[in-house]
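In the two assemblies presented below, chain A is common to both, partnered first by chain B and then by chain C.
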Partner chain A sequence: MHTRYLWPLALAAVASSAARAPAHPAAAAGTIAGRVTFTGTPPKMRAIDMAKEPSCAAQHQTPVMTETVVTGPDNAVANVVVYISAGDATSATPTEAVRYDQKGCEYIPHVAVMQVGQPLEIYNNDQTSHNIHPLALVNPEWNKSQPPGTPPIHTSYATSEFIPVKCNVHPWMHGYFVVLTTPHYAVTGNDGGFTLAGLAPGKYTVTAWHEKFGEQSQEVTVAATGRVTVSFVFKALPY
Partner chain B sequence: MGKLFAVIVVVIAAVSATIFILHVWWPPPDISVHGAGIDRELGQTMVATGVLFVAAQLALAWFVWQGSSRREGRPIKQFPGGATPLVVFAVVLVGIEILSLTFVGSKVWANIYIAPPDSGALHIDVQAEQFAYYFRHAGVDARFGGLHPDLIDDGSGNFFGLDPANDTTARDDIVASSLVIPVNQPILLTLHAKDVGHSFYVPDLRIQQDFVPGLVIPLHFTATHTGKYEIVCTQLCGLGHHTMRAFLEVMTRDQYDQWLKAQAP
Partner chain C sequence: MRPQTRWMSLVSACGAVLLLGGVTPAPAQQTHVGSLTGRAAAGKPLYVRYCAGCHGDDGDAQGENAQWITPKPRDFTTATFRCRSTPSGSLPTDQDLYNSVERGFVTTNMPSWVPLTPQNRVDLVSYIKTFSSRWVGAPAAQPIAIPAEPAPTLEGLQRGRALFQRMECWKCHGPAGHGDGPSASTLTDSKDNPIPPYNFATGNRFKCGVTNQDLYRIFMTGLDGSPMPSFADVLTPDQAWDLVHFLRTLQPLDTQEARIWRAWAREHGRELKPIGPTRGGGQ
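Right, the complex of A and B next:
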């Protein structure tokens, strides 16, 4: 066979490997799923009194509770970020923005997860001024005033970090920016469940992070199309 | 032109005096035991300074009117003995007036800021921070938990830095963002600030006191009327200063007891 006939084949091979961006050679069809629960007695959440900001208080029929520890049925823990902390391939930075709302003097979502370099848009939907202040230690720290009706703040973070967020005007407002390098992450809801899909076969470290309970990690091996179940159990204390 | 200026001076004096005489911008009705004394002092000060103000303005207008019709070349009249004795007389007169007001008012002031609180006063701890107030009641054990500034965590509602995990007296402490008190009950507040200077001002209570970070400042009063009143910060404390306010809710004893029970953690 003459070599000139091989050129198209070689080009096709290069093109197909380029399209499959992750370094893992095999198809990314593995899944890690499971639940995050607690044992013990979690602290009671407190009702937030927004009397000083009537425009926010009026938006809530029942008092908003603090969200440091949010639990669900069967000891489920919400607002836990479960992510691949080691073993994952690098991936392209998503261009889709993560939306973070200030509404009714609450941060929605309470925990916003984004990838390094991913655009973040912060909105003020209230009839009052907010002053959002992410308390970054590794990334540059800033705080910005956002009066009602002003356009969203556009920003992003260059380094992986767990950043507490507070409002300099409303002391009860509290949330987190979680900046990760991996595209494989999930935030648990009230059922405590999570699913990390689209994983290539290989060994991974899965980490569950909670703002009050801290971090837990497990080593997991994913087969080509396998589904691995992982459970995290945090020990809760009432105080 | 000089006559017009004289008229303007008279008009300013008349409008200013009318605003005060008609109580256009006047403090809200007093709701405290000590407030009557404050109002009396304020009234005396207003009368004393008001009479002098109007007299001085009229004198100024008269001299301006006279001076404006002076013919060219006519000598300017001198006050007998020159201006120096007149200035000395004015300074002494105003000095005596101000010192008199201070002496007369010192008893009222001392009654609020120097006299000790009533021995049966209800103690409420106050934390001021950018840009809110938080009020702490001791709970059923009638004892306050210790303060640990390193444990302050606004996001989880620990505005005072309590340590309920290790300090059992802190577990029943009640923290509210409104100052809820029973009527006709002597109240002792201890004021402390987390970050910068703030102030506690309730116009209806006739009370105003600064918070100073690092100091615990006592303040006592007794409210005599039930109702909801505004507490505002009057020290420029940062960007959100204009939003820093809370409410004083004065209740009957029964309502207060019910409120306290409902707040128990």
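Right, the complex of A and C next:
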């Protein structure tokens, strides 16, 4: 009698664990960490003239710089998406939304990473209309006006893609939606550092993507509770 | 019938349906416009003869003429289309594509293809849909609802003018709709080609149709692939109609809307606050 009732529970448990980590059934305690740096001379970022949009210009004490290549101390590269591009187990779609803000005629964050199917919320915090225009090629391309005070736009992407985002009204506004299938990703900050934690032992391909410098991949083997250090070095050209 | 036998008959019935389905072409290859059914195989030779010169053999807008013409031909491999009846980000309906082939695009190199028979045009639409995998298995997008148009009134035109200011149409289209707003010179399409905003002083040269319903559709669906966004989430149908009616007053045409507006503006035009930048960007 009891076993009959427990059967569906057992099945559900097997199914859910299978959905989470079929490729790596062992405990996920491994870590891949490292830094992203550049050699050479990166292009100089220029100051943005927001004179055409006084409500945004007034929000900035010093001019906002373009963010195509953001570097930090010791040749660190920021805004690099480091992620597991192969070898990762499939995972459940997160339900918490990724937030993307338009504030002071800037996209915050400059690079927003989300998983396939994960909710994305886009806010306009400015006193001006923005039109948010993600230039998707694989996913559908849409373009919506978002006047001040209107509710956030709720959306999501069904396929993995690196999608440039622009505002046609304010041509200096550029950003990226990065849609990944893996939950293991990091975006480097000003120190260029990244940590991919919670990895089961196994073989992985780690990829670093930068909007200007392109993509690099490395094969990495993670031991049971191991910490693997990986560095990426991009060659920078001043143009 | 025992439950197991019932199951098996159901499964075999499903199998039969699948088998039958395999005989007919995939839905993406077939197009329905009115009573006509288009077939991609029949559209291919027509495409090679009439369309490939600009749109390219692979539908990638890399035809031999493409480098000489502006605006550039549509790239069918991305399945992004401007003139649609469906929400921004959706595929167009078969009828939308058929209408574009029939209408052509004024002020571009795309002519009206009325010399081809309706059957030819439906076949072409079918073939165009083979260039992108987005058409495979995609649910048919539904056209947006366009409620009945109210008669234009002075109050509606004034509300429409306030919306033209508040929705910041003037940022690109200019305070008087002459396509000379502050952002006009920087606009590019999704392939980074420069593109001018519509100049209402040119009259009825809208690419996606010239009726009031067409104008309503243009800003409620957006022109995907261009800088023109969709306003469907931020305008009510009543507001959209007010804006359509106001846009008519920007054209040098003798429309009902323009007559109402000009009669009033002769007496009261000086009372209007100019359209354009204000402190805080609001009204």
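Convention: the second predicted complex is superposed on the first by the 216 of 239 C-alpha atoms of A that agree within 3 Å, B and C clash if a C-alpha of one lies under 4 Å from a C-alpha of the other, contacts with A are read in each partner's own complex, and residues count from 1 in each chain.
Just so it is clear, a residue touches a chain if its C-beta (ideal position, glycine included) is under 8 Å from a C-beta of that chain, and two chains touch if they have at least 3 such contacts.
Not measured: the values here are computed from a predicted model.
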Superposition on chain A - do chain B and chain C clash or fit: clash
Touched partner set for A:S145, first chain B, second chain C, both or neither: both
Contacts of A:Y239 with chain B and chain C, given as first, second, both or neither: first
Partner chain in contact with A:L137 - chain B first, chain C second, else both or neither: second
Partner chain(s) touched by A:K52 [first = chain B, second = chain C, both, neither]: both
Which of chain B and chain C A:T159 touches, first, second, both or neither: neither
Partner chain in contact with A:S217 - chain B first, chain C second, else both or neither: neither
First, second, both or neither for A:V169, with chain B first and chain C second: both
Partner chain in contact with A:S129 - chain B first, chain C second, else both or neither: both
Contacts of A:T68 with chain B and chain C, given as first, second, both or neither: first
Clash-bearing segment of chain C relative to chain B, given 113-121, 185-193 or 203-211: 185-193
Chain B/chain C common contact set on chain A: 52-53, 128-129, 131, 145, 168-171
Touch list for chain B against partner chain A, complex: 129-132, 153-157, 159, 164-165, 171, 176-178, 238-240, 243-247, 265
Complex contact set, residues of chain C against chain A: 78, 80, 87-91, 134, 166-168, 171-172, 182-183, 186-188, 190, 222-234, 277, 279-282
Parts of chain A lying in touch with chain B, wherever the complex brings them together: 43-44, 46, 48-49, 51-53, 66, 68, 128-129, 131, 145, 164, 166, 168-174, 212, 237, 239
Sites on chain A touched by chain C in the complex: 52-55, 126-129, 131-133, 135, 137, 140-148, 150, 153, 168-171
